[in-house]
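Listed after this line are the structures, all set down as structure tokens.
The same chain A turns up in both complexes below, where it pairs with chain B and then with chain C.
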Partner chain A sequence: MKNRADLIIYWGGNPAECHPRHFTKYTIMQKGRYIPNGRKGRTMVLVDIRETPSAKAADVFLQVRPGKDFEVLTALRAVVKGQRVDAASVADTGLSLEQLTDLANRMKACRFGVLFFGMGLSMTRGKHMNSAAALTLAAELNAFTKFVAMPMRGHGNVTGADVIMRYTTAYPFGVNLSRGYPRFNPGEFSTIDLLVRGDNDATLVLGADPGATMPQPAIRHLANTPTIVLDPKVTHTSRLAKVHITTAATGITAPGTVYRMDEIPLPLRPPLTGPYPTDEEVMRRIREAVQRKEQVAA
Partner chain B sequence: MLRIKGGKVYDPKNGVDGVVRDVCISGGKVVADVDGGRVIDGTGLIVFPGGVDVHTHVAGAALNFARGLIPEQHRNAHPIVRDHIRRAGIVGATPTTFATGYVYAGMGWTTVNEAAVPVLSAKHTHEELRDTPMVDKTCCVLMANNEMMLDLLEAGDHERARQVLAWHVWAAKAYGVKCVNPGGVEAWKFGKDAKQLHEPVPGYKTLTPADIVSGMARACDELRLPHAVHLHCNNLGAPGNVSTTLDTMKALEGHRAHLAHLQYHAYGGDDWATFRSESAKIAEAFNANTNLTCDAGAVLFGTTVTITADGPWQHLLYQLTGKKWGNLDVENETGCGVVPYVYKEKNIVNAVQWAVGLELMLLIDDPWRVSLTTDHPNGAPFWRYPEILHLLMNADFRKEQIARLPEKARSRIILDQLTREYTLGEIAILCSAGPARALGLEHKGHLGVGADADVAVYHAEQDITKMFSHPRYVIKGGEVVVEEGELRQSVEGHALAVKPSYDPQVEEFIRPLFQQYYTMSFENYPVTPDRVHGLQVNELSN
Partner chain C sequence: MNLTVVKNATCTFCGCVCDDIELHADGTRITETKGACILGQSWFKNHTAEHLYPDALIDGKEATVDEAVDAAADILHAAHLPLVYGLSNTTCEAQREAVHLAEIVGGVIDSHTSL
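This part shows the complex of A and B:
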């Protein structure tokens, strides 16, 4: 996209504040092999429910009524394919048919289009159906031009966790190993659902702060059962945990690898040294201690 | 120390074809004799060098993307339950890393070549290979759509192109060079393809796919890479692509090349309705060009997932199947597409594909130049190899299978006319000695003194599928890892890489271009040797 994208759409995200380097390092501000004029050679569209600071960077801002993203995406798919779309039903989404037609024309006319979608799309009404609609729209646009879509992810190295879960268990998240082999069922085995139902009797938290983001019943369960946190700093979760082991900060006092949102790994070289062990070392020592205990029991 | 006593040994490289003798092992190598140590009674058993897979997709960003795309397949796949030896996993079309090692070794295969690695995500590929036990690993770096290479080839600066190529091979800690749809993957970045071998690649003034093919093959030869350029020809899968494949053979101008998954490049007809086998033409030309090796890329009926760097083809397949489709463009060097697929016996195109893979293996007269593959997981998962061996070794069984195909498909293939049956000695070439030679792995694929002690011991059975699915013993690096058909221990394999000779100054040419067009720091681009577990480097001289 740095070298080719002449149409960049952000949908349900606020990169100016949430991914502040995205514009400058990867997308609109970069000059590329086939975009020699940088910003002037690209069109940016922002689709969101409110006018965030990212709107200032956009050439076109489309304000969708909250919860209507799926309808907009579906109508767009129809417009792209030249099917008849009822203007009155589009009006209900907060956008006009003219606006959708204009966007569809831009998408079909570009040389290389990219659709970034954020949690404003994937975590609001419709959830994964919204993501599916966005991905389908991008796939179908390849009948006209080159078009790709990519989620704007957050929470540190979530992509790295996803990648490693996939090659060790075949599934990205929500994996249950209690039968000795991986089983996958989002909604049943995913973290929030386990915690809310109170299915688990202990929790190990690695590189995450669920106490800051998860629903109250989940947080209550973390507080009421043994929770162990590995984290370089004090977090919402560490405050309610039974045990907090301070670990080295990866990239600052410990080496490691972080995955970009496009699943490209980057090595981290620590500029400083510190007194704390790495997450890996703590996990290895816990495992060794458990193995010794098993041997004694045997 | 270990002695396999009195087995019937098939060691084609050393001219041993079913001779009863002992195989002695010490220090992870085959030796002339051992004094003492464990003795395995090989009486009545068949002793093969461990299998070598010359073309498979077992690790890397593309395969891992595919894993994420098919949870519904994993649910029906064979699970591996954790025990004191094995880590948990899932087999299926895209086995998890640990499962990949267990299943390959469990079948008697001990070396695999991961055939498609972009430099940009090579660190990730090596992480996955590190978690793939039981087998030694090589990989091929994707270079035929690398813009830096293409620009140099267009400018006719072959000397620098070779230097840049060598630098990238070492940067990826690769063993060989892979070319996928030369020029076509680059063109796909603007939604186009490069189907004509002698027409300029979209975006370039004069550079044609044929120029890329010959330039890359020449550079690989000049660098003396042990494995020839690993070539996925243009126009994969398309009706009538036989002409492109034949033209590609000519474009190589006598340079060595390994033609990957040849089955997908041997079709006649003008469209899907007239799709037919052209394996006879391909085999005839291949037999005459002794600079070439190939692997079959055979297809078996059933469910799988297709994964290739050939982005435009995958978009077409998505439009044909209407199923899921994943596409990844990898900055300035390659791309990939993923489409789940079911090969159906009653589908005429699929039936022809099934026949073409077998026809090629039967028509290519030198078994040393053709290797068994399914382009895992594209034609079928690798753990179905024994079914193919069964088809190759038993013409009657083949006839029964052909009879099940639709009438229309049977008229477009020649498999029913082929009566050849592979012997055990030829199977040992097809699965081990041949691919080891094609890869230039001198210590693999044979049981002579000094060879790596990778051995598969089978119990002769009428049911060939069963025989090759469940070896009695497997020895990896001198360790008995499978015994009585059961996994007894998990061992780590090596990562084999080459370091071609190049002028270190080439980095000063690459660095500014990289900084201009890529999105990461140049220092973060190459894979550092400490990230590759069990790295064994073959330093080449010019």
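This part shows the complex of A and C:
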């Protein structure tokens, strides 16, 4: 990316405010081996529903009507393949056929394109269908040039969670182990769906604060069933939980490994030593305590 | 006061995971964050080595970690379908333990990715 990407597209994300060093450290501002002029050698396109501060950094800004990302991606895939697209139906997305054709031409003409997609794409109407459409578009562009897609990850080590679950269970998230083998079905085994339907009868929350961010029915289920929280602070979720355990803060008082969003593992170098045990230690102790109870029961 | 300087420290606030930050710490708090963005600065300065929170709480009352670990194990052992959720703001080592725990209790494990 640093050495080769001459077309960088951000879709449904606002890196200027949410990932402030993304431009300078990883993408448009970097000088690379085959991009010796840095910013001048790259084109940046921003696709979003509103003109965020990131638009100032973009060469091309495309404003999509809210909830129309899937339609835009699908029309774009057709334009890329040279299929006939009805201009009137494209207009409904907030963009014109000329804008889509221009973007498609840029995508096909670049030497190496990168499509970063944010939660503005993956968490709005269409959700994982939007992510799938973005990934399919990037895959199809490889018939013309080299093209990759990458999600813009928000929270610190959420990429690590994907990687760890993938290599231990073969699935990246929402894995049900109740039958003794892993099953994966987003929409059925994903957290919000489980909580809102009330399918699970206990919850252990680690490195998250769903009590502050989830929809009310999900929070109510967390409060009505026993919840366990491990966190460096007493959080909203801790207040409705049965058990809270204070743990060391990742990278500040706790050592370990975290994954960058491009799946590069990096070691932590904590500058402080704190009074609390690490998440790793507490999780291990809970697991050992459960195993002792199962042995007694068996 | 014991001033330490950590070069190439890793910031875990957002998914960029910048690993070129220079941190100065006085043993209790981080005093300087060279190279960090404004989100990283507030992340590093928002945590200290102080004992600001109780070690553990059970039903909102202070408890020891041993008691809380045992209470947590009771809950998970008794549950038919426990959910292990979150995993973003923690280490890979803890995530591995979380998968192991979910397997033993026959639960569902999920992260912020599913939101």
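Please note the rule applied: the second predicted complex is superposed on the first by the 290 of 298 C-alpha atoms of A that agree within 3 Å, B and C clash if a C-alpha of one lies under 4 Å from a C-alpha of the other, contacts with A are read in each partner's own complex, and residues count from 1 in each chain.
Definition applied: a contact is a pair of C-beta atoms (placed from the backbone, for glycine too) under 8 Å apart; a residue touches a chain by one contact, two chains touch by 3 or more.
All values reported here derive from a predicted model rather than from experimental measurement.
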**Q.** First (chain B), second (chain C), both or neither touched by A:L177
**A.** both
Q: Would you sort A:L272 into first (chain B), second (chain C), both or neither based on which partner it touches?
A: second
**Q.** Greater chain A contact set [chain C / chain B]
**A.** C
Q: Pick one for A:A143: touches chain B only (first), chain C only (second), both, or neither.
A: first
(Q) Between chain B and chain C, whom does A:T168 touch in the aligned arrangement: first, second, both, or neither? (A) both
Q | Partner chain in contact with A:G32 - chain B first, chain C second, else both or neither | A | first
Q) Which holds for A:M129: it touches chain B only (first), chain C only (second), both, or neither? A) neither
(Q) I'd like to know which partner A:A223 touches here: chain B for first, chain C for second, both or neither. (A) neither
Q: Name the contact category of A:I49: first (chain B only), second (chain C only), both, or neither.
A: neither
Q. A:K2 contacts which: chain B (first), chain C (second), both, neither?
A. first
Q: Kindly list the residues of chain A that each of chain B and chain C touches, one partner per complex.
A: 25-26, 162-164, 168-169, 172, 177, 179-180, 257, 259, 264-267
Q | List of chain A residues in touch with chain B within their complex | A | 2-4, 25-26, 32-33, 111-112, 139, 142-143, 145-146, 148, 162-164, 166-172, 177, 179-182, 184, 257, 259, 262-267
Q) Residues of chain B touching chain A in their complex? A) 59, 61, 64-65, 67-68, 71, 74-75, 77, 79-83, 87-90, 92, 94, 96-98, 120-121, 123-124, 127-128, 131, 147, 188-191, 315, 318-319, 325, 327-329, 331-332, 517, 519-520, 524, 528, 531
Q. What part of chain A is in contact with chain C in the complex they form?
A. 18-22, 25-26, 123, 152-165, 168-169, 172-180, 186, 189-192, 194-195, 199-208, 210, 226, 228, 230, 232-234, 238-239, 241-246, 249-261, 264-280, 282-287, 289-294, 297
Q | Of chain C, residues touching chain A in the complex | A | 4, 6, 8-19, 23-25, 27-30, 37-39, 44, 47-51, 53-60, 65, 68-115
